[in-house]
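Right after this note come the structures.
Okay, so subunit A shows up in both of these, paired with subunit B first and subunit C after.
Let's turn to the complex of A and B:
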């Protein structure tokens, strides 16, 4: 027999967990894409040394498990005097992780821009910053927008791991509830559905933003 | 004083010696056509004039100022040299109006209203006033190229460099672009064109420069040069294209 009604008394626990996950997701998505954008621009247009540094960062993050990155930041860094709260450590770990993956994605977008676009901006007298923000970014992001959206959702789902350092997110709530009432099936099923709703909502938000940013595609 | 002056310009791509000592002197108001086989260095020459390509020896001056590829220099140059490309290079995410207004607003710091007025005037000039709010992809190649001309003109350049600007167009669209150029020439704009349009070079141009193997092989008055070429190479070239 299944007893979903046993979860009702824990509604607040689920809601507060959901809120933490949403909060962290929104923050790290914004910060992660910002970080990825900067790194991608350096990787594509920067000097050799800074290009290498970004490459090392990207490869380091993409070739190690997220949970190890998280544990290193939370349990490892205090050894050199950097003590972070679980929430701070998670925020940093998620941002760095998304930053690395989105660097490669955004760079693919940047390299898809024909050289002629940059030359056209140059002969019109624009400086590099103006060229990047006015001429390159919009078409570049348009090309990789679906991939970037998926990556943000992957990171959101991966954030379940932060319950391991006792951040009270959605997964933490599920663990807590099932340890109290032993309704593992119900508890994790509801949690899975909540993640599904979150993923759909995040994709919806991305699509809405995309429609605005790339409106020129619609009117074509 | 000449508007554009090239003195013994040499350019190498690695070991490849592309420009072998170019001397050229262009006066304000002249329409100069640079012709020659592909690989003869004509586009490279054009791109050296506005600093898109660097050169290794010699000197180029524009209105008395030296041309280098230093970023800041390119931007100063942009204020006096306009360039139009074979592939138009309009910005796809902006309307025609926004394409033309962008540089005047962010480079020349004109107000939106002022830039819009200039954009409209320039579109009028190229016969596309009604396309102000269209996106480039909705236009034909010829229309896109005319927008690109309007975009360059909005910066009120002293010289307009045209890099094979009709080569990517369907044959029936070439005429509308050349007509705009002819009108500009009549208004006294200095034009330097890399072109394969021999009729245009002869009828509208003042001067033809024939490039061969990285050198100015032959140059002179356009009608005279094209009707009675002196060198075998030019004779052969004219025979091949006409």
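Let's turn to the complex of A and C:
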């Protein structure tokens, strides 16, 4: 028998967990995309050695599980003298993870910009910064925006793992509640639904932001 | 107190790797079968069935794999169905894998021009014949690269089974860490083994992508 009523007294536990997850997601989305943009620019236009380094970073992260990256950062790095709180460790791990994936995605966008357009911008007398923002990055981002935002949502869902190093996120809240009232199925079901709602809400927000960002396309 | 030499650590990790491989294979086979059935169901053009498949995809893509594992392992046993960590891991990974594969394959089938379905109908081919002789041979070529690419996600997903107590590579890594207090070395080795498993798959997927892109 299911008893969802046993969960009501833990509403604030769930809410504070939800808040931590949202907070971490927002921060890592911003930092991760920034990291990815830098790495993609290096990968596309940089020096050969730095291109190789970025490639190694991307392949290493993309081919190992997030939980191992997290454990390496949280348990492994203190052994060489870099102590991190659980929150900092998960923050760094999530950013590095999203950074690697978004590098690949953004690079695909950058390589879709024809060289002729950059040359045309130069001929038209646009300076470096104008070319970068108006000719290269804006159209590139517009092309890969859906892929990039769904990667952000995947990283948000992947962040459930950080409860394992005792960050008090939504999954941690679920574990806490089920250890108090032994209603494992109900507690995890509610949490799973909360994640689903969060994913749908994020997708909606990203779509709205996308409409604003790329509004210049619409006929005025 | 038992001392662990480097050789002991590596041999233990490699022993655990076979469970990671086995779990990945089981999940991938299970996921492909379920995804095949769902793709077939979706192709029948029955709107109710299509909506159900869509809901399934949305549900399992929109919730964390870890939650699905917890629900399968702790949740089901609370409801009275005893389930081992091994079966819970396979069950949840199968659900997760199939949800993503259905969506990948949908994209592959949708890239084929609609005219091909109509032409087959005009030539008097039945639905199954169209699928067997016209659609599948082309769709499989398109689908192979992203499917192999997704298998990397399955291998990485098996790492979460360590959290529900299934002893595979990551779990043995944490156990060795608790015994040796050398987290840097142990987790670097664990990551390296995962990389050795996944990177060939990534490369193969890239290779397939190029191969089929050229021949099209």
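Please note the rule applied: the second predicted complex is superposed on the first by the 211 of 220 C-alpha atoms of A that agree within 3 Å, B and C clash if a C-alpha of one lies under 4 Å from a C-alpha of the other, contacts with A are read in each partner's own complex, and residues count from 1 in each chain.
Assume a contact is a pair of C-beta atoms (placed from the backbone, for glycine too) under 8 Å apart; a residue touches a chain by one contact, two chains touch by 3 or more.
All of these numbers come straight from a predicted model, not from anything done at the bench.
In the superposition on chain A, no contact is made by A:176 with either subunit B or subunit C.
Of the two partner chains, subunit B is the only one touched by A:128; subunit C is not.
With both structures placed on the common chain, the touch criterion links A:214 to subunit B but leaves subunit C unconnected. In the superposed model, A:116 makes contact with subunit B only, not with subunit C. Touching more residues of subunit A than its counterpart among subunit B and subunit C is C. By the touch criterion stated above, A:67 is placed in contact with subunit C alone, subunit B being left untouched. Residue contacts after overlaying the shared chain place A:138 against subunit B, while subunit C stays out of touching range. The contact sets of subunit A with subunit B and with subunit C never meet. Residues 50, 52, 71, 74-75, 78-79, 81-83, 85, 87, 89-95, 102-103, 106-108, 135, 137-138, 151-152, 155 of subunit B touch subunit A in their complex.
Listed in rising order, the residues of subunit A touching subunit B in the complex are 114, 116-117, 119-120, 122-128, 130, 134-135, 138-139, 142, 214, 216, 219-220. Subunit A meets subunit C in the complex at residues 59-60, 62-69, 71-72, 75-80, 157-161, 164, 171, 174, 178, 182-185, 188-189, 191-193, 195-196, 199-200. Touching subunit A in their complex are the following residues of subunit C: 58-59, 62-68, 70-71, 74-79, 152, 156-160, 162-163, 170, 173-174, 177, 182-184, 186-188, 190-191, 194-195, 198-199, 202.
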